[in-house]
């Protein structure tokens, strides 16, 4: 396969040559080569499980290649650990944020590289100030001294970005940094990355949002099943070309939302409040309807759906499913009533990483898999196998730990686990985070079909095209309050963004607000 | 243990992650209180206990009384300091009791009938402790095996070795040189050496943990070993060092034990591992690592020993002593937990009015 | 209430608990004693101390093992490293399995070891208790260091003399459940009832658990809690050593009397520096020696453990089995500044 | 270790087409893996020790010896069952030995007061249940870590035992019941004493619960990732509470067994037993961090320590050395699987490189 090095360019800053890497019987990388040049942004594309993260971890010194070489400035190097790669000026944003939950944001960013003062003591003030400056540059409002515990996935991602930007990297590697971000944050990130690139940094960028690839990068390497498909300039390629390279075939329309007739109210939320987090949130979702909950990062969307499902306890208000009030603070009660929640954080909330794929999928429906508390293994396996096939899960064995799956495939397991409960109301929080284009279409088709069959869907998503494409109705949150409700016809990028940023003048006052009046006895 | 790591499980447990992102906007003082509250509530309990006992029996705080209190807690404070450093890295060292016993006996046989000075004894004890710590540490960090199992194994191994070596022999105070015993009973300006030494070790450790990269990295490792690895922290070296430190402190404490008690059998500090761990836990260190300070652990140790002394001074029926200690212990950790929970809840509610 | 009553009627209560104790022993005892039988060669004896690494027990057992050499027997010491009530039991079982000729035991708990010892006697293994007794049905002989009554009363008598029969006293014992300790303490209390001691008051019994450090702190606590305390009696070697150390290093030195049971090597320093005036103890080596010979005589059939039987205990000369199979070593020695240098144990 | 029959260039299987073939291959691989598992290895080791003992040590293989040796592990074995479940669920109970002592002391003092033994047993069990519930309540409702809570109740329950019985030792329990707990009375036709027979039955029950029921699945999930379990609708708190209650109950029952077996009720019965129980469970390959382990492994761990100690004692190996052996075994138990894994990785890298 041809290397697409720009003619006349100097030796690449960082390159891989013929690298292979296996995990057990899974061959994640098979003879892959890649070259990153100073001042150039390069994209890495591929389906879920194609080997992108593995490649990145090889560059970062996390994995040692089984064979093949890593070249730094044209000379072969061996990284014995992430520390070596860092020392060589490689900054990495990993797909899954890995923060020190108990430490402050500032410490997280400067851990191991804190500025020092006399006697080699850590200069805490300098750490804080430098962090504040960084966060300002990224345009986020985070207290450098708050602990990382409790940050939403998006905020965690932002801290990771700040961490990577905080040192003068020669190579900046980003594994799906935007998966949890909304457009606003993505724009800021791109501006900063662009500046770095202009200063001469080499950039490697992974994303399943193809538009972002075209916006940021000049060339692209595509992987399929761990093997190199092509490494070429982006100029002249279309999104469809890229998809074809990734998937190996053509894809149909991306968003397959079917129009359906909505039925009676399935889920009703009345004046739900969790003090300090969200206030007076009221809305309803009907059978057959997909309702999107939009807003900026940190608007409180995830908090609302978690309270609805009962994993967090609301301070006031009630949740009704088919007219019956749910017991507060009990996910079990919610599940019994037919609710399902695909949570936002798959590593902490969605999956038990150490358990096998089949047990993860079975976890939500153990009582249906046997009698008298017993679990029939065959039933368990069948259920898992079924859903794995429906969601095109890539795995080695169903008895493998969920933790060894690629990010996108983990997300599919979470989806499978909840869809398998055959809920009547499905709440999904960032359902397609990290899922590749092909499967995303699949998921959307699935949601749409299920809605057509009478399922009520409440969807939190930061992916605006997804919101606009899928939702029958869009609810918009701003700073913990529901500020707008837009029917499909009125929902446009502008109207949603305007409401999400608090410019309420532009938005029709919501029905939900009107509902408040009658909701109060 | 996977308990309490940022889970919102259980309706009653509340969400430990409720520290607001906008904590900044809440009044500073409150936020600061929260940060310090761990040490505050335990310190408060300690003060209450001392005051209460003193009111009931004023001789509790006379010269001899204070001296006894300080002397009694000195060794436990030391051990708790060493243990905290290990616990911070999300590990545990159950072998400390055995290390103290072994070191005390080794130091005893070393000085018995000789005229070695205190410095030689302390060095010997420390060296022995470092050795034990390095073995546990190497197994945990390089062998990548669960700390609890390894150190429980080390507890047995060292205890067995110590007992087999002593085999019923005992070091008599009469054989220990006076210069060594002086270390245990003497003092400067009326303050005994032992608590001074403990305080010095404690302060240095606390300062290192707060103000040096190495110290901060210990917190990082405990908070998330995975993230620490990705951040390029030399994980294994740091964990090994933590164990070596804990071992060194335990070995050092063994030498002090000899100096203080003079009479030593191989099972000195036998069974102390759980006492040390409870001191650390009472002091607010999370057993899951990354949270707490050595000051807290020291306060926990002080609280435990003071409780024991206070009950005797209060003439509590000896059959009741242990039960009351248990209740007080539970009360202390519950109070600490409740206070912390209340504050974080209050903070959350002020986040977004 | 009804069910309670019913259960009370039909249930097993203490009164109908049957004790078949002694039947095993009776069987063994039916054998006739033959006072002229020679000591058998190659007897296998096992000493089972309370705790294997207790210095005092070690002295006793080593003397006993040495004695076995004199009459051509083989003795060994086995045992647990903690003084728990239950931990001796598995040792008894294995000793039975090893078909020892005799088991010599210092019982941690008179009841816990009873059943297994009976099993041993059923298999014709002789059982001799020493230092700390088990039930009289569960052994053939008990080698008592001194009669419990003597020990208890004389400790009070000595202390009273030192105090001039006046003042508050406290006892620092070992564990709450130590049988011999509790027996002595009972006799101490009984002695104190006498009119001669009406000005003396026992204010507290504290427990140092035979743990050096705990005993140390308990002493501290006693002196703090009872400012008028004039004397501490510690009838345990660990306790008295710890108490001596605390008192010797504190302001109480010379003001508070310390008496009890201790070994000369441990206490020498405190006698010399004036912390302790006197204390007492029997000779632990003789205890082991006597026990060893008693066990050999039993195994050789010279005696069966009945009252009045006689046997020769090597250098110690002839001894007579007393009531309930007790053999008494003799009165304890009182150690003070004058004689302490004559002893080394 | 390539997939049998799989195409070389299809390393990652998509569900569907190749499923059947893949499963067969996976099944075969799993049996190899099973052989390398620590708990299986431990079972093999146990058998080896038994055989070695029977061959080389006089008196070991006699039924009386085996009965006595087995019965000596009775309390540890009984408590190890719920403890295994607790540890799998990421919790721990250090107060078990104290609860054993409390139950024993209570039985003693009630017996001394003339109560019927048939009435004493349920009262002790109730107290055990209450103690377990207190532990569970503090963990689930107050939100304290299990280690901290049970270190506290370890002191409390032992203290209560001493309050109840003081320094008395009560004996003379009814012979009929004492017989049932003794090693001299065995299940007819076997050398298995009744406490161990009961343990065997309970062990089967516990194994079914842990490995075959949804409650067992939930325990694994809680131990591995509590928050994810809670999000999946697992009643985390309820399961923890029940486990703590069961542990307390079993500890109290073990207290009665202990009392009858030794014929002695004392406040200090079973002191220090908690670490032995935990050591046995951990030796059996149960992960203290939760989420991993098998009941069979824990049972093998308990029996191995018991049998090995008996064998060593019979061979006059001193107690000190036995302690060292236990320690070394513990260390080896965690080191071995690790060494095997690392060796496997090495081999894999070599084969991949060529």
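Letters A, B, C and D name the chains as they come in the text, with residue numbers starting at 1 for each one.
Operating definition for what follows: a residue touches a chain if its C-beta (ideal position, glycine included) is under 8 Å from a C-beta of that chain, and two chains touch if they have at least 3 such contacts.
Note that the structure is predicted; figures quoted are calculated from it, not measured.
S.K.: What is the chain whose Cα centroid lies farthest from the Cα centroid of subunit B?
M.R.: Centre of mass proxy via C-alpha means gives A as farthest from subunit B.
S.K.: How many angstrom lie between the centres of subunit A and subunit B, each centre taken as the mean Cα position?
M.R.: Distance between chain centres: 42 Å.
S.K.: For subunit C and subunit D, let me know how many angstrom lie between their CA-based centres, rounded off.
M.R.: It comes to 37 Å between the two C-alpha centres.
S.K.: So, what's the distance in Å between the C-alpha centres of subunit D and subunit B?
M.R.: Computed value for the inter-centroid distance: 29 Å.
S.K.: Can you list the subunit A residues in contact with two or more other chains?
M.R.: In subunit A, the residues touching two or more other chains are 311, 348.
S.K.: Quick check on subunit C: which residues sit in contact with 2+ other chains?
M.R.: Correct list: 52-53, 81, 176, 207.
S.K.: Which positions in subunit B touch two or more other chains at once?
M.R.: Residues 5-8, 11, 14, 16, 163, 167, 286, 319 of subunit B each touch two or more of the other chains.
S.K.: Sort out which chains touch which and give me every pair.
M.R.: Listed by label, chains in contact pair as A-B, A-D, B-C, B-D, C-D.
S.K.: Could you list, by residue number, the parts of subunit D that touch subunit A in their complex?
M.R.: So the residues of subunit D touching subunit A come out as 1-3, 9-16, 19, 22, 26, 29-30, 208, 212-218, 220-221, 224-225, 227-235, 291-292, 348-349, 352-353.
S.K.: Please give the residue numbers of subunit B that touch subunit A in the complex, ascending.
M.R.: 5-8, 11, 14-24, 211-213, 216-217, 219-220, 222-224, 226-234, 286, 289-291, 347-353
S.K.: Spell out the residues on subunit D that touch subunit B in their complex, using ranges where they run on.
M.R.: Subunit D residues touching subunit B: 90-92, 94, 138-149, 151-160, 162-163, 166-167, 223-227, 229-230, 236-237, 272, 275, 278-279, 282, 287-291, 318-331, 333-335, 338.
S.K.: For subunit B, which residues are in contact with subunit D within the complex?
M.R.: Per the stated touch rule, the residues are 1-14, 16, 139, 143-146, 148-150, 152-161, 163-164, 167, 271, 274, 277-278, 281-282, 286-288, 319-327, 329-330, 333-334, 337-338, 341.
S.K.: For subunit C, which residues count as touching subunit D in their complex?
M.R.: Spelled out, the residues of subunit C in touch with subunit D are 4, 7-8, 10-20, 52-53, 76, 78-82, 84-86, 89-91, 93-94, 97-99, 109-112, 114-115, 119, 175-177, 179, 182, 207.
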